[in-house]
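What follows is a single structure, and I will ask about it in a moment.
Note that the chains take the letters A, B and C in the order they are written out, and that residue 1 is the start of every chain.
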C-alpha cells in the first residue's frame, strides 16, 4: 500500500513491485553461487506462488474428503471447481457478473475522472487542497461503505447507490495521489518549461502529467481496487443482484456449493485484475528505473 | 549580433525576514561569440543573474539586452543548461533532445535531423534509444546540453552544469563544451564556483562578490586558444588563478561568516 | 535577524494552519447545511438536530451501550491483533529475501481481494462473536504488513553499514535503526488499520451478528427508523474520523 506526502498514503510502486534491493548483508556474502545456477527472482516468485496454490488445493481436497473438517465449512477443491464449471452455463451467473462488472466499471470511470480533475484542481489551488486534505485522508481507508445503508434509503436498493459510493471510494486515492505527484514535480522541470516557453497544454501533457505519472498510476490502481472491493462489499450487505449479493443469497438458502463457486470466482477475478493493473503500471514506469 | 548587454542590474527578493538584495549594480557585456565565466562564493547571486538574463526572473531595476533586444521573458534565442538534473526520465535520449524542438513546433523531420546533429555533437551517438536512468550523470548532462544546442540558440547560459559531477568528468565535459563553442561561435555565459574551470574554459572571468552580488573584478584570460590539461601547471595559468582567488577569498570568507551566523 | 526570521516564518505557518483548519471546519459546516436542506426535501433523511437528539438518547440507553461495547471490543481487538500480526509479517517479508520472493505475490493478491466475501467461511469456524474480529484482523493486517515490508526494504544502505560497524545486536538494530527509520510508513499503516478494523467489524455485523452497531444500523433500516440508523452511522463515522485525523496529525508532526 502507499505512503503519501500529502495524505501519508502514497508512493509509486510500493507494495508489489518495488525493485529497490534491500541493502543488507546479502550483497557482500563471501560465497556466491555460480551465475547459471541462479533462477531469476520473478521465476522463483511465480514458481513459489504456483506451488503454494497447489498445496492449498491439495490440502483442501484431501482435508474435505477425509473428513478433517465438515464439507460445508470448506468443500473439496474438485467440488468447488466443478461448481465453477457449473456456473459457466448458468444465465444467473452471467447476469450477476454483468451487473457487478457494470457497477465496478462505472465507478472506475467516474472515479478516475473525478480524481484526476480534483487532483489537478488541488495542485493549482493548494489552499483548497489543504482544506480537503483531512477528509480525503480519513475517508481514504474507506469507511465510505458505512454510508451504504443511508444511500439505499435515499437512492434505493439498486445499482446507482452502489455506483455512487464506489465512485467516491475510487476518487479519493486517485485525487490524493495525483495531488502528491503533481506537487512533487521537480522545480527544474517547471524552470525548463518556462525557459522553453511551453504553452499551458504543453506544460500539462508534456511535463506535469508524465512527471507525476508514477504516482497517478499508483493512485488509479488503488482506485480500481477500491471500486471493486467497495462494490462487492456493498452488494454483500444487501442488493438485488451482483456477485457479492449472490454469495449472501446462497449462504442464506444453504446452497454451499454454489456459494463457494461464487466466492472462488470473485477471488480469481480480483486477483486477475490486480495482476493486470500491476502489469499496466510496470508499462507506464518502464525505462524510469534502471 | 548576440551580445549580452547588462545595464545596472539590481535584483531584490522579499523573504520572511525582509528584503534581500541578491544582485546590485551589474553593468557588463559579453561580446557576440564570446565565452565568459562568472565565479563567486556560493549564495552570491550568480544563478540569479543568469536567471535574469534568461528571462526566468525579472530584474528589480536595470536593463538586460541580448542581441540588442531587451529581455523581459524567456525566448527562443537563449538556451539554458541547468545545474540540476533536468533530463525527462520518461523519454529516451533522442526524445529528450527533440523535446525543446517539439515544444517550439518544429516539424517532425527537422526535429529528428537537428536532434541527430546535437546528439553527435555531444558524443552520444549510439545512445539514442537509451533512457536517462541507464546513463551516468555526465551523460545525462550531455543530453541536457544537446537539448539546448539542438535549438541552435545564439546565446547559451550554463548554470554550474557540471556541479554534480566528479572531477575527471568535469574536466572532460569542460573541454568538450569549449570545443563545441569554438566551432559554433555561440555566445556563452558559464556560471561556476570552480576557478580552474572558469580559467580553462573562457576568454574572460567575472568575479562576483557575496550578497549583494556585484562584479568586483574582470579578468581577461590571455591563454592560448588551444588549451589542454597540461596548461594548469603553466605560470600564466597560476598567475590568473592567484588573481581570481585573491579577489574571491575575502568575499568567500564574508559569505561564509554571514551564513554561519544566520543558522 | 536569524531569530526574528524564524519566528516570523513560524508565525506565517501558524497563520496558514489556522486558515486551513478554519477552511476544513467550514467544509464540515457546508456539509451540515446540505444535510439540513436535504432533510427538508425527503422524509427519509432526519434533520441534524433530530439525529443528534436520538444519538444522545441512545447513549443513555443501556441496551444500545451493550451494542456499542460489542463493536468497540471487536474493533479494538481486531486493530491490536491485526497491527501486531501485520507488523511481524511485514518485518519478515522486508528482512528475508526468500520470504518476500515466496509470499509477496500472494500477499499483494489477497490485499486486492474483497475480503468480506470470506465471511461465510469464517462463520462456522469462529462463530458469530469471533468471526467479526477475524474479519477485522484481515482488514487491518494488510496496510501495516505492506507498509512495514516496504519501509524495511527502503532503509538506506548506510544505516545497515552503521549498525554493523557499531556491532549492534539484532534487537538493537530493530529498536534503534529499523523502527525509527520506518516510523512514518508504520504510522500510516497503523492509521489505515484503525479505520479498516472498524470497516471490517461493522461490515461483518451488517451481515450477521448477535450484538453490535452494524446490526443496529441494519435493524433500524429494516424498521424504517431512519433517525436511529443515521445517528448510529454518524457515531461510527465521527469516531473513526476523529481517530484517523489524530493519527494523521501525529504522523505529519514526526515527519
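FYI, a contact is a pair of C-beta atoms (placed from the backbone, for glycine too) under 8 Å apart; a residue touches a chain by one contact, two chains touch by 3 or more.
On a predicted model such as this, the values are computed, not experimentally measured, just so you know.
Student: Please indicate the chain closest to the centre of the assembly, with centres calculated from CA atoms only.
Tutor: A
Student: Relative to chain A, which chain has the most distant C-alpha mean position?
Tutor: Result for the farthest chain: B.
Student: Using the average of all C-alpha atoms in each chain as its centre, how far is it in Å between chain A and chain C?
Tutor: 18
Student: Let me have the rounded angstrom distance from the C-alpha centre of chain A over to the C-alpha centre of chain B, please.
Tutor: That gives a centre separation of 47 Å.
Student: Could you grab the centroid distance between chain B and chain C? Build each centroid from C-alpha atoms only and quote it in angstrom.
Tutor: Chain B and chain C have C-alpha centres separated by 52 Å.
Student: So which bits of chain B are touching at least two other chains?
Tutor: Within chain B, no residue touches at least two other chains.
Student: What residues of chain B sit close enough to touch chain A in their complex?
Tutor: The touching residues are 54-56, 73-76, 78, 80, 82, 84-86, 88-90, 92, 99-100, 102-104, 131, 133-134.
Student: So in the complex, which bits of chain C are touching chain A?
Tutor: These residues of chain C touch chain A: 19-20, 23-24, 26-27, 42, 44-45, 94-95, 97, 101-106, 108-109, 111-121, 124-125, 142-143, 146-147, 150-157, 160, 164, 184-185, 187-189, 191-192, 194-196, 198-199, 202-203, 206-207, 217-218, 221, 226, 229-230, 233, 236-237, 240-241, 244-245, 248, 251-252.
Student: In the complex formed with chain C, which residues of chain A make contact?
Tutor: Going by the criterion above, the answer is residues 1, 3-4, 7-9, 11, 14-16, 18, 20, 22-26, 41, 44-46, 48-49, 52, 70, 72-74, 127-128, 130-135, 137-138, 140-143, 145-147, 149-150, 152-154, 225, 228-229, 232-233, 236-238, 244, 247-248, 251, 259, 262-263, 266-267, 270-271, 273-275, 278.
Student: Could you please specify the touching residues of chain A with respect to chain B in the complex?
Tutor: 186-189, 191-192, 194-198, 202, 206-207, 210-211, 213, 287-290
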